[in-house]
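Shared chain: chain A. Partners: chain B in the first complex, chain C in the second.
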Partner chain A sequence: MNNIVLLPVLIPFIVGVFLILLRKQVHLQRIISGVTAFFLVFLTVFITYQIYQDGIITIELGSWEAPFGIVLVGDLFSGIMIVLASIVAVACLFFAFLTLHPDREKYYFYPFYFFLLTGVNGSFLTGDIFNLFVFFEVMLISSFVLIVMGGTKYQLRESFKYVVISTFGSMFFVIAVALLYSVTGTLNFAHLADRISQVDSADSGILTVIAILFLIVFGLKGALVPLHFWLPNAYFGPPTAVAALLGGLLTKVGVYSIMRTYTLIFSHNQDFTLNIILILAGLTMFIGVLGAVSKFDFKRILAIHIISQVGYMIMGLGIFTPLAIAGSIYIIAHNMIVKTALFLFCGATEKVTGTTNLKKMSGLLKTHPYLGWMFFIAAISLAGIPPLSGFFSKFALVLAGLEEQHYFIVFVSLVVGLLTLFSMVKIFMYVFWGSPSLTPEEAKKRKVGKLLLPGIPLVIISFLMGVLAEPMFILLFETAEQMLDPSIYINSVLKE
Partner chain B sequence: MKTNFLMLHTITRIVSFIILSFSIFLFFAGHNNPGGGFIGGLMTASALLLLYISFDIKKIKKAIPFNYSTVIAIGLLIAIVTGLNSILFGDPFLTQYFEYYNVPVLGEIELTTALPFDLGIYLVVVGVALLSILTIAEDDS
Partner chain C sequence: MEILMILTVGVLVSVSTYLLLTKSLLRVILGIVLLSHGAHLLFLTMAGLKEGAPPLLGEEAASYADPLPQALILTAIVIGFGVTAFLLVLAYRTYKEHKTDDLDQLRGSADE
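And now, the complex of A and B:
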């Protein structure tokens, strides 16, 4: 009984509703949404600190007791995720202030921005699998609106595909939930974990099927190969502020759900399911990065890179040791921050040059040095150069893989790291090296100035996450141990 | 040739009145019996839609001058605020309270906090249904 864990879901919802009423006053909308976004960062940090101090916080909505009613559960993993989500949200919001077309702002951009946050935070905090479906829907419907907003021909075509695929995924989700309910008779995460752990491994066949069905559903949202095809085009269409938000948040919700369900609930036939996850992880990394290597468009390369990074996140889950899980969470954190920063710098570059095609721009380092170096730091962080955050996350994963003798996946991940570096350096060479494509007069007119501001804190966070890797890992090890011992979660929800 | 809609108009006036009153009955029946904000709202929307179809949009807009997106927002706010008041009493969000009262004329009735919550749902459903249908209908001009 602690309402504080509900606030990250409730506050964006209330603010979103208020902003509908203030549709015409764009300026007021900006002030309210900016203040709220900052407040959410402090609130989520405070909640996570409390979880770290006092253990898991739960709340039973409507006073209905745990396995019967819906519970919201804040454990360390959820806490870390909501903190990251609110940091990404703040950065994208301020970038939207600077770049968004006024018409878009009038057509309910900010309300749906906050409804999206409601769905994302709700998915991270819920302790009930059907409720997870509901929050997924809240998030998806808001993302439909944000992706299609503006209505250019390209956007309409690609978001139609996105809508169809997402709806298909949601249908599968309901089927999987129904199957799970018919087998176990419950929907509460803790109760499910409790019941499934008592099942004989001999008759767990149907449970394995359900587990794979959920993997398909979440894999579709999280863009695992071979369910990744919708992502590059859907994220290419909308304005950069939206693409950065979706790229930073949405796929991570899918990854979060996979990690949550596979650590907590589907603990019965792990030899089989974890192997499948490892294979998918390898495929996702490799095919994702190949797509990025072959493209010559700034925004598109970044969008495709999301896929390859999802592979790393799943890889840690497949190895399934505390170090690997900690590495997975580290790379989720690193990726949300750095990917958003890269998207924002891409948006700034687009604003300066008027294009995202790599071959049409060059020499920006001479005219816009700050943009160039900021991008460079974020890019090598993504590729995993020490002492930035990308290095330590991959280091943990590789170490865990070697300890558990998964040599092949370790090899794949190292090759993918190299190709990531290659594609980032490719962007850097085309965009920032060479003779300037803009004349000095043009360059003076097109200042980046303020456009860099939302991205710089993200780069600093990435740097700090690398320098402070030691305390980070203490926190992450505790998180991983909490996740690998489901009884902690079960006891705090069911209070047995 | 001007078509004569006399029959349609007369019947619509009567039928929409019946549907509207039945929708309010359904709305109050909800919570303990079949009915509630969602069904009541849908039925109200269907009655209003009947008016929109048989008369024309401009005329009905004069009679019902609401902006439906505002209606949605107000409905959502009512529903959330109803949930929030339980936080003030130190209970989890959405906890409901109810009490029986004796009211002259009506006799014993049950007052619950589920009712304002349902009212919020009702407004949201009416707003969403009409807003989406009218947006599609107005697309021609």
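And now, the complex of A and C:
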């Protein structure tokens, strides 16, 4: 029964390999990938339910016992993450069916889509730090291909930079793992946590250096300021379906890794490391949102907003109380869902108007009211207006910050919330208000219709997450307790 | 021996830093390649250059070498090889499309 944790990694991999063989039969590829993606949603929900019922599920690959072999570990945090990843993936897949150019579909979009999912799910489930590196690479190489697919001038130029920066980060990952291995002599998360917790705080200096090195590595993937500069340009190039997929999944894997390593492994010298995380969180939020406020391009604003939201996720980790961690996970969930929805509506708008430049469009509310109102709901959810999901995530973080007397970061987060609202309203005013830029005949021809369908379930999920905030928080508090007490994780892996 | 290895790693990393900061596509890729060599060598050194028998059951020795770093480095080398191949193709295509390999001219304009 433990083997079930392996399936979210194995199924996308096998399906991806199989789809390579079906290159020319685009229709068949669509059917298979659609069915698999839906199946993954049900499977991950089932796994998370199992974890909730029976506690942490571990599987030792090849029956090598825990500190020696590689283990996959499903705890509540990973469970929640794989559920969110598969929901985001399914929405992006159906949007890709509707918008992607047939040539891209023929040239292996679907196989690489599934390889990306393999890497993402693997990163969430692995219990071994070198295995995490390997899954990171699986994910990154797929993302390289997805980002450059199509080969326009812009894409080639920006992908090259993205690939070089990511590879540079990966090499730092190897270096950090090497240092960690030489100090602790192990790579298993649980074993590392066990050994590091026994280290005398006087000679933990080298461990703090390693911890910061890992923060740099994961911060580069998760787009923390000052390592965020690659993100806006890289995500602007590819088609919206791909940008939504990468924007929803990739940075969150970096954030997940930071939260995992800092709650479980690097539990020494927290005064120092958590302060650094809080400072980075404040900078990331603020600089990210300033970038969004200053731009006049729909897609670019959304891409830069990813950075600012990553700041909130890290802020909860920096405060480090159960409420703050629960708030962090809540905002990861909220952001993955809502950001993907916004990207999909941006893609629909691009299909209608033929541009993403805010100044070249106006008055879509008259010609395409459903698109307008759906975007509006998602946008105010991102900005944090009750009763939508954004409000409760920020509320939890602010409350936790006040309880721990981190007044400055609370102040920054509230200002950033206001600026987020401002940039969303800016999009709404330019795109949807004003006199229609399309003539009635044009508007009739360019219907959104089906393009809204992948986004609407995401908006509904965001609404439900807000209305059902109390049961959500019960689950999240349990997750946070599990994360803040590493002995649960250690005991279930090492079986002491 | 460890000191010598660490010095080699230092030289590799500094050369790769220099190459990464140059303006030619190909040199940047060479910088990435050298950086990965540096990282792998560092891994080998960090795990300790022990002398010992191969870690097999039949060898009746007092000490055994640690096989794990070598396995990990092998994995990392294979990944690095794949990424380098991809980067080379990407650089070639970029050069073909843009007719230049000067990164200064590949900056992109501010108003896109």
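The criterion applied here is as follows: the second predicted complex is superposed on the first by the 495 of 496 C-alpha atoms of A that agree within 3 Å, B and C clash if a C-alpha of one lies under 4 Å from a C-alpha of the other, contacts with A are read in each partner's own complex, and residues count from 1 in each chain.
Following the convention adopted for this analysis, a residue touches a chain if its C-beta (ideal position, glycine included) is under 8 Å from a C-beta of that chain, and two chains touch if they have at least 3 such contacts.
Fair warning: this is a prediction, and the values are worked out from it, not measured in the lab.
Undergrad: Is A:Ile14 touching the first partner chain B, the second partner chain C, both, or neither of them?
TA: Touch status of A:Ile14: first partner only.
Undergrad: Quick check on the superposed pair: does A:Val148 touch chain B, chain C, both, or neither? Answer first, second, both or neither.
TA: A:Val148 sits against chain C, while chain B stays out of touch.
Undergrad: Thinking of the overlay built on chain A, is A:Ala178 touched by chain B (first), by chain C (second), by both, or by neither?
TA: Touch status of A:Ala178: second partner only.
Undergrad: One more residue to check, A:Phe97. First (chain B), second (chain C), both or neither?
TA: It touches nothing on chain B or chain C.
Undergrad: Taking the superposition on A as described, I'd like to know which of chain B and chain C A:Phe39 touches: first, second, both or neither.
TA: neither
Undergrad: Would you sort A:Phe160 into first (chain B), second (chain C), both or neither based on which partner it touches?
TA: A:Phe160: touches chain C, not chain B.
Undergrad: Please indicate which partner A:Glu137 is in contact with in the superposed arrangement: first for chain B, second for chain C, both, or neither.
TA: Only chain C; A:Glu137 stays clear of chain B.
Undergrad: Please indicate which partner A:Leu6 is in contact with in the superposed arrangement: first for chain B, second for chain C, both, or neither.
TA: First partner only, chain B.
Undergrad: Who touches more of chain A, chain B or chain C?
TA: Touched residues of chain A are more numerous for C.
Undergrad: Please write out, lowest number first, the residues of chain A touched by both chain B and chain C across the two complexes.
TA: Looking at chain A, the two contact sets are disjoint.
Undergrad: Which of the residues in chain B end up touching chain A in this complex?
TA: 69-70, 72-74, 76-77, 80, 84, 87, 91-96
Undergrad: Once bound in the complex, which stretches of chain A touch chain B?
TA: Those in contact with chain B are residues 1, 3, 6, 10, 13-14, 17-18, 20-21, 23, 59-63.
Undergrad: Spell out the part of chain A that touches chain C in their complex, as residue ranges.
TA: Interface residues on the chain A side: 130, 133-134, 137, 141, 144-145, 148, 151, 153-154, 156-160, 163-164, 167-168, 170-172, 174-175, 177-179, 181-182, 187, 233, 236.
Undergrad: Mind listing the chain C positions that touch chain A in their complex?
TA: 20, 25, 28-29, 32, 35-36, 38-40, 42-43, 46-48, 68-69, 72, 75-76, 79, 82-83, 86-87, 90-91, 93-94, 97-98, 106, 108, 112
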